[in-house]
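By written order: A, B and C. Residues from 1 in each chain.
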Amino acid sequence: MNFLSDQALKRLRDGAEMPDLAGTRYRMLERIARGGMGVVYTAEDENLGRRVALKVLDVPGTDGDLRNRLIREARVLAALEHPGIVPVHDVGTLGDGRVFYTMKFVEGNRLDKFIESVASVPDRLRIFLRICDAVAFAHARGVLHRDLKPANIMVGPFGEVLVMDWGLAKILRGEVSSTMLAADPEATVFDKPKQANIASAATEASVVTGHGTVMGTPGYMSPEQARGDVEHLDTRSDIYSLGALLRFLLTGQPEGASTPGGPRLDKSLAAICAKATEAAPAERYPDVQEMALDVSRYLDGLAVGAHRESLFEKAGRFYRRYRFFILLIAAYLAMRVLILLFMHR
Amino acid sequence: MSEDDFQPSGDRFPLTRRSVIERAHSIDAEERAGALEALCVAYWKPVYKYVRWRWNRPAHDAQDLTQGFFAGLLERGLLDKFDSKKSRLRTYLRVCVDSFVMNEDKAERRQKRGGAVLHVALDFAGAEEELGATVMDAARIPSPESLEQFFEKEWVRSLFALAVEDLRAFCASRERERTFHLFEAYDLEGNETISYQQMAREYGLSVVEVTNALAWARREFRRIALERLRVLSSSEEEFQREARAAFGWVAK
Amino acid sequence: MNKVLLGLLLGAVLGAVDGGTAWFTPAVRAQLAGIIFGSTIKGLIAGVAAGIFARKVNSVPLGILFGLAVGFVLAFIVAYLQHGYYFEIILPGSIVGLIVGYATQRYGAAPTPVASR
């Protein structure tokens, strides 16, 4: 038996990882990311002459579970045609037996990187509202994302916001494709304790519980999701994640108070975040639209449902909302007084 | 279209391949011996090198300890105590080696050990040569992480080397020796400057033929290595985790 | 509230206030009611004009300029008919037009676009 040098090990690893695209219409370009159960490459669709993102399973499961999950993920995406959700183009099996799917290649930045260049709170809130649009659409189609976090949101070069990585999605009810439901009577991408995924030490990575139920990402997942209470998860679990995401957009972290030296969180926005991330689901917003409405009301200078204002706060908000108009009236009155003084001299 | 429509031909494992842990628990003595042999084949080299490096043992001591460890593995019921929910088999075996060496130290005994008879040829001279070729910083105080990394790397080396040998045999059985030579020349021995064009000239093939041959060999190598890994894993979860570790498929 | 109604109400209120300040000028105090009425009508016309303009053109600077111009013209006509008090009438009148022009651009509901068939 020959000794394998470190270089040979590296070559073997690289060679084993590279998907075998022979017989497909795709040509490999480069690897761009690695997720919980697969790798994402950019590839060229030679028939259509366009670049696509190709996600391929890395480890084959002995019971086909991982394969089924990737196929379900592709089908979930296919069922969610929305400008804020990355569209899937194709799903299939490669010559080396690995399942893959291709989707739109999104050029742009992950939200956590993109946000560094967006200083204004209203601009950040507008991005958040677009995320809400996509999630609300998915909820309306009976799909929970279950892993909403900055790393799973992409912002394109024209400001388009796309919710990515629906690998942990759970299907709540049957507005989605009937074949997807038929393939999995429980209609859940993966929620069975035996269907374990890989726990990662990284706090930003999606993790599983000790008994194997996929949870999401610490800091962004709801308490019920963290408990592995998969059966009872509903849209309010995603609302929790959206609350954490909103807090991240405003303070730079998903939990707790704002970072020292960072922007001070407005009371109304803090209240929206707090309401969305209540420990008890019943205390949260009942749906994403309600939450988005509160954020929109804040943007419009209106009172938000999550926060009861004092008289002083109301006056302050009124002044902020009509500042220029109030200043015009004040200028007019000052001018009137000056004219009167001038006339009575 | 159902999920079955996506079932490929070669990426599922034959269900008859039972894991070594299952086989080690068998009531059939032959099965248990087979399990021990499979474990020994995959792990003796990492264990030997680990004893040499971690415990700084001279070669003959390390050989004795390695043989003793595997010979007593079943007898001491170590595999029965293994709980796949608590740790990986690889980590468990490394901890068992540590404990075994420490106990040997205490007793300082050299009497003949009992236990199973190993039917695996252990090429210690080869392992010694490999140790010389392995880049190690012996002066560094071994932290638990570095010990784990060293053991993992040697385990991957051992696993891949076995898979390469399997691939060689597989190629021979399919009369594809030339494919294996290409694989060997490019992936195992090749340097950074070697190109497909160069290989094609050397072997009198077209570049497309070289590309296809290498793609086939890599695919088969991957399949064989994963199959071996599956047998050495005690559960589906461990298999997936170990596969990601072995192939470096770890999320960054 | 739509933009025309907002302009109408704001123009009327500011016009009335504008006219009411004539009380501080004893010489014209006797005609105060007529001045307030006239000024209210002037503000009202400026407000409606600014509101209609805001429905057609969505631009704060242009709205302000339009309001200022309408306020100025109306105030000039009033001052011309009064044969005096040009400064006291034109300056506040123009500023009322400016305020109404800004307010109708910035606030008030824009008409909902109707989908074409």
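We adopt the following convention: contacts are C-beta pairs under 8 Å (C-beta built on N, C-alpha and C of every residue); 3 or more make two chains touch, one makes a residue touch a chain.
Just so it is clear, the structure is predicted and the values come from calculations on it, not from any experiment.
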Which chain is most central here if centres come from C-alpha coordinates alone? A
Between A-B and A-C, name the chain pair that shares the greater number of C-beta pairs in contact. A-B
Chain centre separation (subunit B, subunit C; CA means) in Å: 88
Could you give the separation in Å between the centres of subunit A and subunit B, each centre being the mean of its C-alpha atoms? 40
For subunit A and subunit C, let me know how many angstrom lie between their CA-based centres, rounded off. 49
Contacts with two or more other chains occur in subunit A at residues none
Can you list the residues on subunit A that touch subunit C in the complex? 324-325, 328-329, 331-332, 335-336, 339-340, 343-344
What residues on subunit C touch subunit A, complex-wise? 14, 18, 21, 24-25, 87-88, 91-92, 95-96, 98-99, 102-103, 106-107
Which residues of subunit A touch subunit B once you look at their complex with the stated criterion? 1-9, 11-13, 15-18, 20, 22, 34-36, 39, 58-68, 71, 91-99, 179, 182-183, 194, 196-198, 200, 202, 205, 210, 212
Which positions of subunit B touch subunit A when the two form their complex? 1-3, 6-13, 15, 85, 123, 126, 129-130, 133, 135, 153, 156-157, 160-162, 164-165, 186-191, 212, 214-215, 218-219, 221-223, 225-226, 230, 236-237, 239-241, 243-244, 247-252
